[in-house]
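Several structures are given next for inspection.
In the two assemblies presented below, subunit A is common to both, partnered first by subunit B and then by subunit C.
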Partner chain A sequence: MFEVIFLQFLNGLDKGAAYALIALGLTLVFGTLGVVNFAHGALFMLGAFCAVMFRQFLTLETVTIDPTQLSPWGAPLEIREPLVQAWFGDFGAILVNYSVPASILITIPIMLLIGIALERGIIKHFYKRPHAEQILVTFGLAIVAQEVIKSIFGPNPIPQPMPTDLRGAADIGAWLGMQANVITYPLWRMIYFLFSAVVIGGVFAFLQFTTFGMVVRAGMADRETVGLLGINIDRRFTIMFGLASVVAGMAGVMYTPLLPPNYHLGMDFLVLSFVVVVVGGMGSLPGAVAAGFLLGILQSFASMTQIKAFFPGIDQIIIYLVAVIILLVRPRGLLGRRGVMES
Partner chain B sequence: MANFMSRNDLFLFLGFTIVVLAMPIWLAPFGAGYPDLLQRFMIYGIFAVGFNILFGLTGYLSFGHAAFFGVGSYAAVWSFKLLTLDAIPAMIFAVVISGLFALIIGFLSLRRSGIYFSILTLAFAQMSYNLAYSVLTPITNGETGLQLTLSDARVLDAAMGQTLVGQPVPTLLGQQLSGYAGFYLCAGFLILSFFIAQRVSGSPFGMMLKSIKSNQTRMQFTGFNTRPYALSAFVISGMYAGLAGALLAVTDPLAGAERMQWTASGEVVLMTILGGVGTLVGPVIGAWLIKYFENILSALNDQILANFWSFLPEGAADLMVQVTGKFVGDGWFLTLGLVFVLVVVFLPGGVMEGVRRIAATLKRSGTPDSKSRQTQPAE
Partner chain C sequence: MTLLKRGLSRRRVLQTGMAGIIGTGVAPMIFTKGAWAQEFCNNPTGDTVTIGLNLPLTGAYAEEGADELKAYELAIAHLNGEGDGGLMNVLTPSALTGNGILGKKVGYVSSDSQTKSDVARAGATRMIERDGAIMITGGSSSGEAVAVQSLCQEMGVIFMAGLTHSNDTTGKDKRRYGFRHFFNAYQSGTALGPVLSNAYGNDRRAYHLTADYTWGWTQEESIKNTTEALGWETVEAVRTPLGAGDFSQFLTPVLNSGADVLILNHYGNDMVNSLTQAVQFGMRDRQANGKDFQIVVPLFSELMAKGAGENIKGIYGTSNWHWNLQDAGSVAFTKSFGAAYGSPPSQAAHTCYVQTLLYADAVERAGTFYPPEVIKAMEGHEFDGMGNGRTLYRAEDHQCMKSVLVVQGNDAPTSEYDVLNVVQEVDRETVNYDPSIFGGELGPAEPVPVCA
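Then we have the complex of A and B:
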């Protein structure tokens, strides 16, 4: 029984990691700019499509027809050679193999640009407007983003292979001195969890230990005073919006091998991540991370057959149920401060 | 009944009635004068009018109204299956059930306001949607959708000694509801809904709702308990949504869970905002515009576009076909999203505010303006 519970706990970690990463960015935007960003799921989706784009670019190939060789069907053999491999040899092959992690390098600048452009172009004008209008405009932006992606990449999910070396499963049970082959965990999920831990740790360290982060935290606490001290807090908040988009984008990139991305990926995750943010407490970064993992793990437990036999359908609604209960019983969420959005 | 309606209200109501009833005539030149589409105009008009009673008057933004719409559809289809094929019991049943459902959800959700309210309604709607797809399959028939079959019980019909041959279809007092009969049924309900909404927003109750929107705290300090008012508005708009869902089931007796998905809730928000939130006619116009353009734009294809741009030189025409092709057909949602963002940014009051601004400009420039309240669905 212990093994089963431990396995479900592990299974919850990677989904929880995705929730935590998205919710972290969402809370960052809310805490700094005070904007309820319904387009954040779309940023996750755009990140995932950076990976798709990068791979499509890497796998551009030349097709030469070789009349001296015949394919098994008797037609002249087509030799396909990826351009990258032709140019860079083995390094190119490795690059194609590791396209998903490698695409993080291009995702960071792209998402930073998208985030800053979004903030400067549109969201900037909505700080003083009611939250309902912020929701509406970002909801519209999310629709636009997903339709643009649909018209470029088509409506079907595009699977992204993980690097061949990272395909198998890790026998975690054996590592911990238990019976072998009972608790195995796919390597890529473990990598996703570690990756998210690094990113989350990085964001917290950035906010805690750099001068920039200190100023941003001060601005979150009292924007006006920081502004009066002669610091251009708006520019820093814009950069924080960019950073939040980068976090969402990276979360999307690394998630592609687990779930083939399609254009409505963002909408699917958006609702869940909002629920996560609310459960954690609006504006609380540790709350968002904790709630992300908590809900991911709860969802994983709820999908156990023993529990489903007891409460049919619980796996479908557990997250929403938790959110409703938390909102009704403790509206500030788990770690939220008093007075945030309690008008 | 001297003060029953002010003269302006009466004119507005009569004008609205005439415009709605004459739709088959004046929409024919725009390629929309056929009953199928007109029925949808009416149904989503009712949905949007009801949504506006909650969002427009009280300012509570619900992201879960599609749940009531879906519940109304399911309730109506079950009434067709179990009781009778007549539309009236089905609609009463649907309105009552969705009203009860809204009472429960509203009672819980209205304990919070602002974004928390939106998230709560969203969570409830997603729960209903997920359950309709999984555990509640015996009631909802899952992905297939709930359909009428010949072997349904139909207790009342059986008691009346009616037997049926062929595919069961809903009727109204024995009349078939295909074609324009269905449209006039829906139109009647839209006019009735509009009338009730007009009465509500002009009544003391409506004033209470508007004051909740402008300053709820002050209302509470002056000693009003605002929650029963907000809850009544929530239930009324839930019943409107249920009625719309039931009418959709009457015209097409097939209920599926996708009607409850949160993007469907988003659609009614779009309609209301696009038309003009808080106005009476605005949401209806928004619903018509969205349904009209959904129908027109998604029917366009590259062939039609090529004809349209054929006056340009060859290369430019191809380019324009390529570019505009992204915005029509399957891509029409992109157009909707862009228009929506532009409306929220530049014209938060929607079409109605646009009309008002134009009217104000014309008045200032000295020409007496006789622009009718009705905008035509062409831009």
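Then we have the complex of A and C:
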């Protein structure tokens, strides 16, 4: 039974890592700019498609049609030669193998640019507008983004293989001195958890230990006073929007081997990430992280057959059930602050 | 009696009645055989006839939907006398002329069902009421098929189901206006059982993950019946939501459940995701109960296999049809499709193409688009040349009875399409069953409802 519970806990951490990472960017934007960003899921999806684009670029091929030979289905035979391997040899093959983690290098500047352009071009005009209008405009942006991706990449999911060395499961039981093959868990899911921990830690450290972060935190507490001190807080907040976009994009990139991305990926996570933010407390970074892991772990345990035998279907509603209970007991969420989204 | 007392004889009443009938212009219709019957939904009056394609172009089964659309376009082109004629050249017997259907050029309208039953039903309604579709076809989910089939029965429009594998489609939810060429879960179980017994023995413990809708339920039931008859024990059967994406929370409990076989009653993207994630969990490298852990996917398709990549190597399943079969029909269709689109057709494409031709052939044989006559032409009709051997459109439940393929993921593919090997072609007699075992009523063909 210990093994079963331990595995479900691991699965909860893995799920929670994804929820926390998405919710972190969302609450970062809300905490700094006061904007309810329904396009955040779309940023996660755009990040995932950075990985898709990068791999498509790395796997470009020259296609030669040989009209003298026919394939078994009657089409002229296509002879394909991968370009990157032809140019770079073994290094090219390694690059293709590690295309998902390598694509983070291009995702960071792309998502930063997208985030800054979005904030400067559209979002900033809605700072002083009601939250309902912010939701409408950002939701509209999300739909535009997904339709653009659909028109370019089609409606079907595009599988992104993980590096061959990182496939399969790690024998955690053996690491802990237990019998082999008792507690095994997918290696990539553990990498995703570690990656999330590093990114979340990095964001907290950035806000806590840098001058830039200190100014942003001051701006979050009292924007007008910081502005009166002659600090261009708007520019910093724009950069924070870009940073939140980068976090969402990187989360999307690393998630692609677990779930082949399609245009709808962002919408699939949107509602869930909002529940996480609300449960954690609007605008609270530690709250979002705590709620992400809490809900991930609860969802995983609710999927156990022993639990479902008593509460059929509980795995499908547990997150929303817990959200209702928490909001009834603590209306501002787990770590919410007074005055946020309260008139 | 009162009329007679007032001086009106019976003859006078009859004369007056006949005069009235003739005067109102009804006489030509009641004296013309079948004339009333020609008043039916979307009776084509011009020189074209429109069929409605209800396709999952987005959602969990979108890959199949895209391939189905290609197949329909090809079938319509062939019916209109364009292209190489495809399976029209090998269908026997055939009344097809290559000049449309009953001389009318075939056109189509389409709707994206999004792999959702309610959207599929709304799309079919729109295509019947607004676009004048004479027949509705398509779909990649049994949920859609059951919903649309029921609608078509209500509206008096024939439904030629696309990919639907639930026993319910031609079982408890069968309808007089619905026809299925694709095989079903019961037949998958019958075909797969002996192969699983040979490969994995009779002492196994199976864990099912099942898509939570009509198809998943009936496939789980059929496969459980089969494996338990072999002597396998069912450890657990867990339902998963359609389009769940991340199946990790359902896969984690499998690891220490005591099962040594995982049976994935999933299809389309769900199957690609659950199988890929099961492999990531190390299930194919595992030992349980002193045996190699195995995964079985009872319903396979080439599109799924292609999506799952090398994860499907060695995995057993069943298929309705496969492009590398070597009979004249399969070769003709594969070449025709390949020449048009540059890739071999999937089983979804095949069944949709065949359904279109079978409908057209039935209309030609009936000599009318009047649905009850077309239904009569299809019920009990036996044909050959479509890639599945001699096939019977069984009158009792509108299920095509034909051979079923047991397939296995190819260990050494020569191309991205060479992903499945046909292990065994199980003949029609072996997968035959009593149509009454699943219950249901076809319902009446007449009176024909007249749509708006």
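Observations on the structure shown:
Everything that follows uses one rule, which is that the second predicted complex is superposed on the first by the 327 of 343 C-alpha atoms of A that agree within 3 Å, B and C clash if a C-alpha of one lies under 4 Å from a C-alpha of the other, contacts with A are read in each partner's own complex, and residues count from 1 in each chain.
Please note the rule applied: a contact is a pair of C-beta atoms (placed from the backbone, for glycine too) under 8 Å apart; a residue touches a chain by one contact, two chains touch by 3 or more.
These figures come from a predicted structure and were not determined experimentally.
By the touch criterion stated above, A:F274 is placed in contact with subunit B alone, subunit C being left untouched.
Touch criterion met: A:H125 reaches subunit B, while subunit C stays clear of it.
By the touch criterion stated above, A:Q316 is placed in contact with subunit B and with subunit C alike. By the touch criterion defined above, A:P67 lies against neither subunit B nor subunit C after alignment on the C-alpha atoms of chain A.
Look at A:P159: by the touch rule set out above, it reaches subunit C but stays clear of subunit B.
Of the two partner chains placed by the overlay, only subunit B lies in contact with A:I135; subunit C stays clear of it.
Contacts of A:P331 after superposition on the shared chain: subunit B is touched, whereas subunit C is not. Of the two partner chains placed by superposition, only subunit C is touched by A:A75; subunit B is not.
Once the two complexes are laid over each other on the shared chain, residue contacts for A:P186 go to subunit C alone; subunit B is not touched. Across the superposed pair, subunit B and subunit C both touch subunit A at residues 155, 316. Subunit A contributes residues 36, 122, 125, 129, 131-133, 135-137, 139-144, 147-148, 150-151, 155, 267, 271, 274-275, 278, 282, 312-313, 316-317, 320-321, 323-324, 327-328, 331, 341-343 to its touches with subunit B in the complex.
Those residues of subunit A that touch subunit C in the complex are listed here as 3-4, 7-8, 10-11, 14-15, 71-75, 154-157, 159, 161-162, 167-169, 181-182, 184-186, 188-189, 258-260, 264, 268, 299-300, 303-305, 308, 315-316. Residues 59, 61, 108, 111-116, 118-120, 122-124, 126-127, 130-131, 133-136, 262-263, 266, 269, 273, 326, 330-331, 333-334, 336-338, 340-341, 344-345, 348 of subunit B touch subunit A in their complex. Of all residues in subunit C, those touching subunit A in their complex are 57-58, 62-63, 66, 236, 238, 241, 245-246, 248-250, 252-253, 255-257, 269, 272-273, 276-277, 279-282, 285-287, 307, 309, 323-324, 334-339, 342-345, 415, 417.
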